[in-house]
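Each chain gets a letter, A, B, C and D, in the order it is written, and its residues are counted from 1.
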Amino acid sequence: MRYFGKKSMIAAALMATTSMAQAADVEVLHWWTSGGEAAALNVLKEDLSGQGIGWNDMPVAGGGGESAMTVLRARVTAGDPPTAVQMLGFDILDWAEEGALADLNAVAAEEGWDAVVPAALQAFAKHDGKWISAPVNVHSTNWVWANKAILDELGIAQPGSWDEFVAALDAVKASGKTALAHGGQAWQDATIFDGIVLSVGGVDFYRKAFIDLDSEALGSDQMVEVFNRMATLRGYVDDNFSGRDWNLASAMVINGEAAFQIMGDWAKGEFLNAGKTPGEDFLCFRVPGSAGAVSFNSDQFAMFGVSDKDAMSAQGAMAASIMSPSFQSAFNVVKGSVPARTDVPNDDFDACGKQGMAELAAAAEADTLVGSIAHGHANRASVKNAIYDVVTAHFNGEYDAETAAEELVTAVEIAQ
Amino acid sequence: MGFLDINNVTKSYGNVEVLHRVDIAVEEGEFLVLVGPSGCGKSTLLNMIAGLEDITSGEIGINGRVVNGVHPSNRNIAMVFQSYALYPNMTVGQNITFGLEMHGVPKPERDKAMTDVAKLLQIEQLLDRKPGQLSGGQRQRVAMGRALVRDPDVFLFDEPLSNLDAKLRVDMRTEIKKLHEKLKTTIVYVTHDQIEAMTLSTRIAVMYQGYVQQLGTPKEIYDTPANLFVATFMGSPAMNIMPARVAVVEGRPHAVVQTSEGGEAQLPFSQDNMAAWDGKEILLGIRPEAITDPDGADRKSNNIVALQNRIVVTEPAGSDTFVTTTLGGKDVISRLRADVSVEPGQLFDFAVNMEKAVAFDPQTEARIEG
Amino acid sequence: MSASAQNQAVQTGRITRTFIYVFLLVASLFYLLPFFIMLVNSLKPLSEITGGNMMALPQTWTIEAWGAAWSTAQVGVEPTGLRPYFWNSIKMVVPAVVISTVLGALNGYVLTKWRFRYDTILFGLMLFSCFIPFQIVLIPMARILGMLGISGTTTGLILVHVVYGIGFSTLYFRNYYAAFPTELVRAAQIDGAGFFQIFRRIMLPSSGPIIVVCVIWQFTNIWNDFLFGASFASGSGAPMTVALNNLVQSSTGVKEYNVHFAGAILAALPTLLVYIVAGRFFVRGLMAGSVKG
Amino acid sequence: MAQASDVDFKTKLQHWIPKVVLSPSLFLVLLFVYGFILFTVYLSFTDSRILPSYGWVGFENYSKLWRLSHWTTSLTNLGIYAFLYITICTGLGLGLAIFLDQKIRGEGILRPIYLYPMALSFIVTGTAWKWFLDPGIGLEHTMHLWGWESFKFDWIKNRDYAIYTVVIAAVWQTSGFVMAMFLAGLRGIDSEIMKAAQIDGASNWNLYRRIVIPLLRPAFLSAFVILSHLAIKSYDLVIALTGGGPGRATELPATFMYSYTFTRNQMGIGASSAVIMLMTIAAIMIPYLYAELKEKK
């Protein structure tokens, strides 16, 4: 009896190992666990199961993928990485440098990805000339969401410049409502920061300071102005903003407690979910002063190196499915983002979605498409978080604008 | 060579030797008591016999077999612990038969043995109870039952009576003695109570600081203690010890002791060889019952000496009256018959039985052989 | 002594007693408040939460959120609710608690009743292991699980929990057994019982209180663990906390707070149950040993 | 006498079994605790970023670490937090235990109420606490609704006070457990000692201050160990309640370590902060363990 027990335990362990390596399965690590997102992902799952490929779901939510990245490290260290991992920006390149990612060039060539994916996205999906991940969507962060009813009531037109925006905020504040709905979390502060940097210095300044990490630009007067504008916005936020979840801030706009929110396009889901219609109930427009530029972040599925032939073909099939126009459309309609390839028909998208797609294509064309600082598409995680530290400290009143600019230079230097 | 042979046994913990070269041979059917104050090594020795502690050097043999390194359960011994060590989760019956069960004795035999023992100890009605429901005396019986049922070569008792109240202790003492006389088994019994040692044993080993100070029958220990420690440890009240000088008067050695009135009393020794100590200081030991009133003195003694001394305190104890007086500058207790009327401050004529007096070398504290 | 035994000696006046009762009641409000918030909001429709006062009682009472959390909420791509993960947790917790408790009991038994040279140092080493921050073990542990071929399996997860449970279970049992009369062990040795027989027949039957303490402690810690569960379990084998986290922590989706709270209470039910059922024995068990340090 | 028999098999076996029984646990602990600690120490001297790497950089990580202002913030926070948490938990736990020990009616209901928070993980209760402490929707809001307009409780939003809200939630979670430990200690005190003290004329106050509390020393020590290890390991709590904010005002070494190791891809710095944490724990625990274990001997 005892002997049997031991033997069966070993057998169970063996079975577990074999099942992991089983040919036509993909194991997918992601943090899209909420209703809409998961439903969107289910489209992909169904698509693959139609091709006879099993889906081994491995969701780990938390901290915008932070928990998932921790888990990923454990899995890679254990020598048992998932087939595909939802990933953002520089994380993909970091893993590529560790030599952990697969080579998707065959699929990419077959499907002609090079032609349809904007170059700015390719920068994160390719490493050393090899495709390593399949971009799912493009989010952009320099959006403002506004409650149309409040604007109409107060006679405010959609602001086109920074001064108009400040005037509009003043008007709302005077009416007793909260002007700007915001949640005081580091990444939300930084999301606003994305738009403000673009509005102050445009794409060139943005690139110089946050992509090239030029210390002169980081400490420049323009940067002081960026922090001044952040401080201005801070004046329109209610007292109770700290620690608030972004979707509660969205709810304030939806419920008419607040007029504006600066947030990425995922916020649209909250509006739609509350039964609101773009253009009628709420407005979407670029952060005033940043029009023409798009700061983006892109969810991608980075493909990890698998040795088994069957697993490789399953992985290839998954990559192809992700990039198929039908999935790109279906997924992004639900998610609020825009497709990662520019040739997807916009029929199914709403007004904001259509606007986003058009602006993305235009920005890609005009080379004004820049990676989001807040969402890890401008620099590596260490730098991103160092910037978070300064931005959030300033926004919470720890530094004045000049000190913040100085601190930014030091923080970025240490993090490099 | 005896039935239980303790041969040159020592015990050390690290560098500290706690038991020094112990040699005891116990004959079959003997009742050996190890007695001494706490920390003297008596329990350590018992545990080594039981096999619960390693032997550092030397040998222990039981029934002709060296048992060094033999597991306790294979030494054919049984032990009664101070706390009784009854298994709290088992009934009395299970407690008694646990050892047999562990030795693979079949159930019918176990039950029979249990019934016999329970009858012997009159605990039949307790067999289904848990130890927690028993009184102290009952637990004690169960603990003995557990030992008896094994029918061992040697019984080991580790202060078995010290957790009982005074009355019960005396009863159980008698009971153990009866049991020994009935069963004639070999017993090693550890206690710090010298009365238990005197009443129960056939032989006593008095231990102190890791040494066996004296090994002998109760009478030997009592009458001719090997040294000052044994003399004062055994007996209650303790033996009186007083400084004295030896003087040969009329060819006979005397002990010269200072009396309470400042004078000197000359007490003739029964031991002639004390003459060799002429003029030297010794310590004189006289038990309380050897200093008494003239009518109470031992009539068989050939050496009763009268001594006048002043009474300091009287303590009537019912059967006797204890009287404190001063000799050689020390308080000395004497034991008078109860009906002698004495007053503190009174000058009293004592009768000293010098046949029972012993002398000690003040340097070595050993008894001067007579 | 039983846990309900009261100190008969202390006399208190009427005013003092009133004060004591008031204090105790206020304290219990403090302890109950978060649970109250969770419970109340789990019984509201979502619109009422995002719209109104979160501390108020529901205007419309509904248990929809509970049903959703248990069986239909989206925890990954599948709308399975927490149900399947509940069983994953059970499959992990039960063996892990049993093994770590048994090991702790054996260790405590050895360290108190079979003393040998340097045993206190060994115990110190084990005890100090309680204090290791779990974040630092993640990477090397993953490597070792990978080498053993049990990465991503429940077996691996059980191993991890056993390893980091040994310190406390050994501490509990050692302190308890230290007060257990050594004479009983000696008596049993003379009776001929071997190492395991003594353990099984003498020690274990008397270890009830401390087993309760140890089981409560281990059960709570292992059931509530998130870090190891997320890192070392495969997706469909993940424990309840990982699923709950997926339910609660979605970053860019709609937050259904009522479902979150219902799920949170569901996830906590087993531990709550353990505390309420075994709570009486808990104080008794602590009394019997572990507070003796 | 018969020939000297060798050490018999059973004794030999009994000599080895205890060590054999202990060895798996010891092996596991040595490998999975001490092996990993050594590994972490090693990592702290390397240039590891996303995964362990073995390029030796000496003390560079340590010097970087001490230049980071929020590392010092997190250490200061730990000091404030650990001190208040341990003191308040001990005080509250002791108070509740003493009061509960006064033949209280309904003790059987109250005790699990105080104890249950320990059963819940902060993934579960963090949100509830966050709401309760939030001035916009929680306690302050409710007080305003009840007509107490001037009531103000916005600590969680205030950089200087947020750490105290972490203390409140932490106290809520563990003080019941501490209460149980003290209650067990109180129940273990010989009631004759209490009677004797009362006959000596001690007031209730003096009875507890001079007699009972000193007798609870073992419970105090156990509570101290458990609380200090919980304080140093506090992670879930901060993440769930404040996420380290406002700003970085409630960062603790544990959150710092996690974020550098896993989210900022600066594993070397994370490891060096872990080493400093371990050294702190050792500095507190080793004297305690030494005293405890020596006394036992």
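Heads up, the rule we're going with is that a contact is a pair of C-beta atoms (placed from the backbone, for glycine too) under 8 Å apart; a residue touches a chain by one contact, two chains touch by 3 or more.
All values derive from a computational prediction rather than experimental measurement.
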Minimum number of chain-to-chain contact steps, chain C to chain D: 1
Most distant chain from chain A, judged by the mean position of its C-alpha atoms: B
Pair of chains ranked first by number of touching C-beta pairs: C-D
Between chain D and chain B, distance of the C-alpha-averaged centres to the nearest whole Å: 56
Centre-to-centre distance between chain B and chain A (centres being mean Cα positions), rounded to whole Å: 90
Separation of chain A from chain D, taking each centre as the mean of its C-alpha atoms, in whole Å: 36
Of all residues in chain C, the ones touching two or more other chains: 138-141, 245, 248
Multi-chain contact residues (two or more partners), chain B: 51, 71, 73-74
Touching two or more other chains - residue numbers and ranges from chain D: 10, 14, 51-52, 262
Pairwise touch network: line, ring, star, complete, or other: other
Pairs of chains satisfying the touch condition: A-C, A-D, B-C, B-D, C-D
Residue ranges of chain D in contact with chain A within the complex: 49-52, 64, 67-68, 70, 130, 134-136, 154, 156-157, 159, 162, 239, 242-249, 259, 262-266
Residues on chain C engaged by chain D in the complex (per definition of touch): 1, 3, 5-12, 16-17, 20-21, 23-24, 27-28, 30-35, 37-38, 53-55, 103, 106-107, 110-111, 114, 116, 120, 122-141, 144, 162-164, 166-167, 170, 178, 194-196, 220, 224-226, 241, 244-245, 248, 257, 260-261, 264-265, 267-268, 271-272, 274-276, 279-280, 282-284, 286-287, 290-293
Of chain D, residues touching chain C in the complex: 10, 13-14, 17-19, 21-22, 24-26, 28-37, 39-40, 51-52, 92, 95-96, 99-104, 108, 110-121, 123-125, 127-129, 131-132, 137-139, 141-142, 145, 172, 176, 180-181, 183-189, 191, 194-195, 197-198, 204, 207, 218-219, 221-222, 229, 232-233, 235-236, 254, 257-258, 261-262, 267, 270-271, 274, 277-278, 281-282, 285-286, 289-290, 292-294, 296-297
Partner chain D, residues of chain A touching it in the complex: 63, 66, 69-70, 73, 76-77, 94-95, 98, 184-186, 238-244, 380-382, 384-386, 389, 392-393, 395-398, 414-415
Touching residues on chain C, where the partner in the complex is chain B: 181, 183-184, 186-193, 197, 201-202, 205-206
